[in-house]
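Input: structures, listed below.
What follows is a pair of complexes built around chain A, which joins chain B in one and chain C in the other.
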Partner chain A sequence: MSRPPARSPRGELIVVCALLAAGAFSVAFVLLYAFDANTQLLAVSLGLAVGALALAGVVAGKWVVDQRKAVEARPRLVDEALEREVAGTIVQGAEGVSRRRLIVGAAAAAGAGVTAAAVAPLASLGPGDVSAQLKATPWRAGVTLVDDNGDPIGVDQLEVGSWLTAFPRGGDPRQLGASIVVVQVAEEYLDLPPERRDWAPRGIMAFSKICTHAGCAVALFRYPTYEPTSQRPALVCPCHYSTFDVGRSSKVVFGPAGRPLPQLPLRIEPDGTLVAAGDLSGAIGPAWWGVRRS
Partner chain B sequence: MTRLVRRRRRPARSGEERLTDSARLVDERLGASPLLKAAMKYLFPDHWSFLLGEIALYSFLVLVATGIFLTFFFEPSTAPTIYDGSYTPLVGAQVSEAYASTVDISFDVPAGLLMRQAHHWAALVFVVAIVLHLMRVFFTGAFRKPRDINWLIGVTLVTCALIEGFLGYSLPDDLLSGMGLAIAYGVALSIPAIGGQLAVLLWDGSFPGSADFIGRMYIVHVLLLPVTIAVLITAHLAIIVRQKHSQFPGPGRREDNVIGTPMWPAYALRALGMMLATAALLFLLGGLVQINPIWQYGPYQPYLGTNGAQPDWYMGWLIGALRLMPGFDVTVGDYTLIPNPFWGGVLFPTVVFGVLYAWPAIERRIAKDYRRHDLLDRPRDAPLRTAFGAAFFTWIAVIFVAGAADRLLVDIGFPYESQVWYFRVLAIALPIPIFFLVRRICRELRASEVRPLRAWTGTLVRRRPDGSFEELGDGSGTSPDSPRRAPGRRA
Partner chain C sequence: MVLAVLLCSGGAIASLAARQADAQKGTSVDPVPAPPPTSAAQREEIARGRSLFLDACSSCHGDDARGLPGLAPSLHGAGAAAADFYLSTGRMPLANPTDEPTRAEPIYSRDEIDALAAYVASLGVGPPIPRVDPDAGRLNEGLAAFTLHCAGCHQVSARGGIVTGGVAPALQDATPTQIAAAVRVGPFLMPSFNENQISDAELNSIVRYVLSTRHPDDRGGWGIGHIGPIPEGMIAWLLAGTALLLVARLIGERNPV
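Right, the complex of A and B next:
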C-alpha cells in the first residue's frame, strides 16, 4: 500500500486527447443543432462528446491518478451503553407524570379519531354504485348501426365470412359500450339457443367489441377457409387470444376470458339497414366482483 | 507609499493554499470540511458487479434530465385536436392533444426525437440495471443483516420503477399505450370486492376514463413517483455510506474492515466516467435506434386493436402470466366473484414481490443465522439460496418469454394454442430440475478447489540459481492487491 503511484504519460496523453475530442464534438453538436440537422447526426455528435468525456474520466481514474487502495475499519453499529441511555432518557421524560396509561390511552383514541376525520373526505373522491357506470351502453331496440363516418350499415356491405366494426347512431364511439363487431357467417355454423334464434338474420350477428377478459378490442376474425381442417368461425382478442365461437353466441373456446361477448340482437329494416332489436345481452367489458356472467 | 505597497506583487501562492482559502470561506459558514474529508476518503471495494446499481442511478439521472425537457412540450390532455404538424400521413386526423404533442416532439421540436427516444431507452436500461443489481445482491447474500433494510428499499424501488415506466409509455395516447391501459383497467376491475370502485375511481369513470385521466397519470409520472424514487435512492445510498460497502472475501478482507479505492481521486473519476458512458450510450441509442414510433401505431380508440402488440420489456412477465393462466374465474351461480385477470395481473406480482420482500427473513429462519454479514458470499457458498434463486428467476423468466407468444405466432407462425401449453408445462416443470441442478453444481464447486473469484492464497517461491527454492511468504495480509496478480494464481 505504500507503493508510490506509477506515472502514466500515455494515460495523460489519452486524457488530454479525449477531453479535446469532447470539446470538439460538443461544438459540433451545437452547430448541428443550430443548423437543424437530423436526429442521427445530433445523437452521434452528442454521444461522441459525452463518450469522449467518459473515456477521459475512466482513463484518468484507472491509469493516471494514484491507484493505491486503502483499508479502514467498518463502523460498529451497536453501542449497548448508548442504547440504554436513550431508553433511560425517554423514560426519564415521563417521570413525575401520574396516570400515564390513561394519557396514552386517551392519545390513542384521539389519534384514531383524527385519522378517521382526515381520511373521511377521501370518500368524496369515491364513486357510489359503480355497476351502472360500468355497464353503460347506448344500445337500445331501434338504434341504427353506423360505421365510423356515421353512415348507416346495410346488409349489402356484408357477405358470408366478412366482418366490420359498428357504432350506435348518435353515440360516442369512445364509450366502452358503444363499439360492436358485426359478422356474417354461413347458416351451417349457427348453433344458437332458442331465445336467440331470431337475433341473427341471414347469419348476421353483432357482439360487443370489448373483450370480457381485459378490455382490449376484439380485433381479429377467424373464418374457415378450408372446411375439412378449419376451425369454426370465431372472434379473437389480440391481447391474450381469448377466442369466442360466434356461431354459438360467442362461447369462449380458448383463452382466459370468463364470459361470452354480450350479443346485440339485430333486425334488418325494409331498406336493408341494420338496426338493434334489443339491448346487449349482458354487461360489457372486463368482469368485476358480482357481475352477471351471461 | 501606499501605492507602492499595493503594487508590490504578492508571493506566488500554491494551489493548495488557494484551495485552503476556499475551504475556509465554506467552513466559516457551514463547517463542511469534516464531511468533505470523510467523503473523499470513503472506500469503494472493486468488483464489476457493483457497477450494476451505479448504472441504474445514472440512467435515473438521464431520465430526469430528458424528462424535464419533455415536460416543456408534452400536453397531458385528451381534448381532441386536428393534427397539422410535419408528419404528412397524419395531417388532418383528429387526435388527442397528448398524441399530437408527442408527435410534435418527435418531428417538430429540435432535438425532440433525440430526447424522447433517449428518455424511453433510459427507462428500459434503468429497469434492466435495477433487476440485474437485485439479482447480484440476491446471489451474493448482500441482503443479509445489516443490509436487509436496504433490500426492502430496493424491492420498493423496483415496484416504483415498473409503475413509473408503465405510466410513461401510457401517456402519449397512442394505440399501444391505450391497449396497455385497457388491460390495466381490466386488472384493476378484477380485484375482489373493491375492483369496480377502484377502477372507476382511478379512471374517473369507466374506461377510457374522463378527460382528467391523462392529467392524473401525468402528475404521478412527473412528480409523485420521481420524487418517491429520488427519496428512496437517497435513503438507499445514505444507508450504504453508514454501513460502508460490502466486499467479497479476499486477502486482508475481513468482516470488520473495508479494502477499496478511495473516492478521491481514482473512484470519483471512474464513477464520473461510468456515468458519462451510460449517458453517451443512451443518447446514441436515442438517436440511432428507433423506439416507440407512435406515429406508426396511430391514435388510440377503445375499438381498435392490433395483433402482436408488445409492451415495454419489463411488463412482459405480467403479460405472460395473463396469457398462461387458464380460463378460470371464481363464480357463484351466475355471478362472477374473482375474474381471470386477477391471477396473472394481481396475484402473480404479489407473490413475486412478497417472496422478494420476505426472503431475508425466510433465509434467516432457514439458516438460523442472525449475525451481521459484511463479507459477500459467492453464489456457491450458499447452495440453497442460489438454487432457490435460480429456480425462482427461471419461473419468472419462462412466464416472461410466454409474454412474447403473440410475436412468436406472428413472426414465425408457432401456433399460439400449443405455445401456451408448452409454456404452462415449462413454468411449472422447469424450476424443479433447475433447483436440484444448481444446488448440485454449487456443492460440487464448493467441494472442489476451483475458486476462480477468490484471490490466490498459496505461497510465493523463487527458484535460486542453484535449483533450490526460497519462500517469499504467503502474500496474505501484506498488500491487498499484489497477491491478486501473483503468477500461478489459478494453479
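Right, the complex of A and C next:
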C-alpha cells in the first residue's frame, strides 16, 4: 500500500480493443457458420475470439485493476477499521478506473458475441431432412466393381481369406459412399439374416469402407488360420479399433461404432466379374456426417 | 482324356459349392493330393520330416496331420511355404495352442525345417516356398503396394501394430523369404494375397520396400523409434506442455507491490 496504484489509460484501451475484437471474431464465427461451414475458418475465428478474450483478461488483471494487496493482521480475524479501510480501497480502486462504462459496454459486447458463437452450432441439431443426402451412393444394381486403376475385379482376384478395396465403375472415388471393402470368407463363417442370404456369392461380401463411428477408412482385415484358437473374420477400423464381424453382416463386436457397416449386395457375372446387386444397405459413415451441408 | 479333365474340373466346382468346414485360408478348393516323390532322397526327407512331426507336432495337429478339433488346423494343403514360415520364425511349435504365435528363436535346425516342410508339402498341394529377389523390385512400387495392402496393420514404417484379437508384428527381423511367405500364406489372423492380387514382381518390390524401412534416413533428425505418430504426439505434448506451463507462469506473476 506504499505505492500509488499504477493508472494505465493505454491498458484500458487495449482491454477495450481486445474485448471488441473478441465480439467481432465471434460474430465472424456465426456468419461463417451460417454461410460457409469451412471447419478451418470456423476454428480460427472462434480461436481468435477466445484468444482476444484471454488477452483482455490478462491486460485488465495486470494494468487496469488496482494491484495493491491488503494483509489482515494475524491476531484478530476481523478488524473493523481495517475492513472499512480495505472496502474503501476497493471502492476507490474501482473508481480509479476511467472509462468504466466503455469497458463494461465492451465486455457486454464480447459476452454477447461469444455466447452467440457458443449457441449457434445448436442449429445443427435442428430440422432439415438430410437423410436423402446421407443415403445417396453411386451404387446401383449392375454397377461393376473396379480397383484403384479402374480395372474390373474378377472373382479370381479373391480367395478365401483375402480382401481388397473397390470403387464403382465411372463413379467419383472420392465420394463418401464410393469406396468399399471386398472380402471372401469360408462359408462356415456366414451367418447372414434371411434377406441377405444371396448377398454373398461364394462367401464374397462387400461393405462400405467408411467406419460408422468417426468416418475413418476401415483399413484392417483379420482372418483366422484356425478359428477355435483365435478370432472370427472381421474388418477393423484403425482409429478406435471398432471391429465388425463380416460373417454376421458386419455386426459390431468390439469398439465404439454404434451400428454395422452398410453392406453392398453382390452378384457374379457369367464372365466372373463382380457387380453390385443393389445399393448399400444403409447410411454411410457416422450418423452426423454432412448434416445441414447445402 | 478330355473327358477326364472335364470330370475333374466338374468335381472341383462341386467341392467349391460344398466347402468343408476346415477349409484353409488361401485355398479355393479342398486340398489336392500332392504328386508322389520322384527320388529316394525326397522319400527319405519326407520320412525324416514325418518322424519329427510325430515327435512334436502331432499332439495338436494329429497323427495324420488332419488337425484335432479345437486345438489345431489340418495341414493338408498348407504347403511348404506355411511350414517353412511358421518353423523358421520360431512361431511353431506353440507352448499352448490358444497362444498367439509370435516370433522366437527357431527350435529346429535348417535341415529339420526343410524335412518338415517337405513332409507338409507331401500332404497336399499348397503354396510352395516363394522365391524372392528384392533387387529386382522397385522401391516406389513397393511403397505404394505396401501402403495399400499392408500398412493398415503393420504401419507404413513396418514397425507393426495391433488388430483386435492379435498383434501385427514388426517386420524388422523377417527375412525376404519369410516376408513373401507371410503374404502368400496369411499366418494367424493375417489375410492372404494370391498372385492375382499381388504379383510376384510386386512382391519383390514390397520386400525391397520392407528391407528399406530398417535404415530410414530420418530427415527430421529424430526417429523416435520409428513407431509412428504416437511417440511423436507424446513428444509434442511434452514440449508444448512445458511451453504452456511457462506461459501460465508468466501470466500469473504479480507485479511487485
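In this section, the second predicted complex is superposed on the first by the 159 of 294 C-alpha atoms of A that agree within 3 Å, B and C clash if a C-alpha of one lies under 4 Å from a C-alpha of the other, contacts with A are read in each partner's own complex, and residues count from 1 in each chain.
Please note the rule applied: contacts are C-beta pairs under 8 Å (C-beta built on N, C-alpha and C of every residue); 3 or more make two chains touch, one makes a residue touch a chain.
What you are looking at is a predicted structure, and each value in this text was computed from that prediction instead of being measured.
Participant: Looking at the overlay, what does A:259 touch: chain B (first), chain C (second), both, or neither?
Facilitator: The answer is first: A:259 touches chain B but not chain C.
Participant: Please name the chain, chain B or chain C, that touches the greater number of residues in chain A.
Facilitator: In the superposed model, B touches more residues of chain A.
Participant: Looking at the overlay, does A:42 come into contact with chain B only (first), chain C only (second), both, or neither?
Facilitator: first
Participant: Give one of first, second, both or neither to describe whether A:195 is in contact with chain B, with chain C, with both, or with none.
Facilitator: Once the two structures are laid over each other on A, A:195 reaches no partner at all.
Participant: Figure out whether A:67 sits in contact with chain B (first) or chain C (second), or with both, or with neither.
Facilitator: both
Participant: Quick check on the superposed pair: does A:221 touch chain B, chain C, both, or neither? Answer first, second, both or neither.
Facilitator: Only chain C is touched by A:221; chain B is not.
Participant: Thinking of the overlay built on chain A, is A:231 touched by chain B (first), by chain C (second), by both, or by neither?
Facilitator: Only chain C; A:231 stays clear of chain B.
Participant: Should A:51 be classified as contacting the first partner (chain B), the second (chain C), both, or neither?
Facilitator: In the superposition, A:51 touches chain B alone.
Participant: Which partner does A:241 contact after superposing on A: first (chain B), second (chain C), both, neither?
Facilitator: It touches chain B and chain C both.
Participant: Once the structures are superposed on A, label A:159 by its partner contacts, choosing first (chain B), second (chain C), both or neither.
Facilitator: In the superposition, A:159 touches chain C alone.
Participant: Using the superposition on A, tell me which residues of chain A are in contact with chain B and, in the other complex, with chain C.
Facilitator: Residues 1, 3, 58, 62, 67, 69, 165, 219-220, 238, 241, 254-255 of chain A touch both chain B and chain C.
Participant: Which stretch or stretches of chain A touch chain C in the complex?
Facilitator: Interface residues on chain A, with respect to chain C: 1-3, 6, 58, 62, 67-69, 148, 154, 156-165, 183, 186-188, 202, 219-226, 228-231, 234, 236, 238, 241, 243, 254-255.
Participant: Please give the residue numbers of chain B that touch chain A in the complex, ascending.
Facilitator: My answer: residues 41, 43, 110-111, 113-114, 117-118, 146, 179, 182-183, 185-187, 189-197, 199-201, 205-208, 242-244, 252, 255-262, 265-277, 279-281, 283-284, 286-288, 301-309, 319, 322-323, 325-329, 331, 334-341, 344-345, 372, 374, 406, 416-417, 420, 479-481.
Participant: Using the touch rule from the top, collect the residues of chain A that touch chain B in their complex.
Facilitator: 1, 3, 33, 36, 39-40, 42-44, 46-51, 53-62, 65-67, 69-75, 77, 125-127, 130-131, 133-134, 136, 165, 167, 173-176, 178-179, 209-211, 213-220, 237-242, 252, 254-259, 285-294
Participant: Applying the document's contact rule, which stretches of chain C touch chain A when the two form their complex?
Facilitator: Against chain A, chain C makes touches at 16, 19, 21, 23-28, 67, 69-73, 97-98, 100, 148, 151-153, 161-166, 186-194, 196-197, 251, 254-255, 257.
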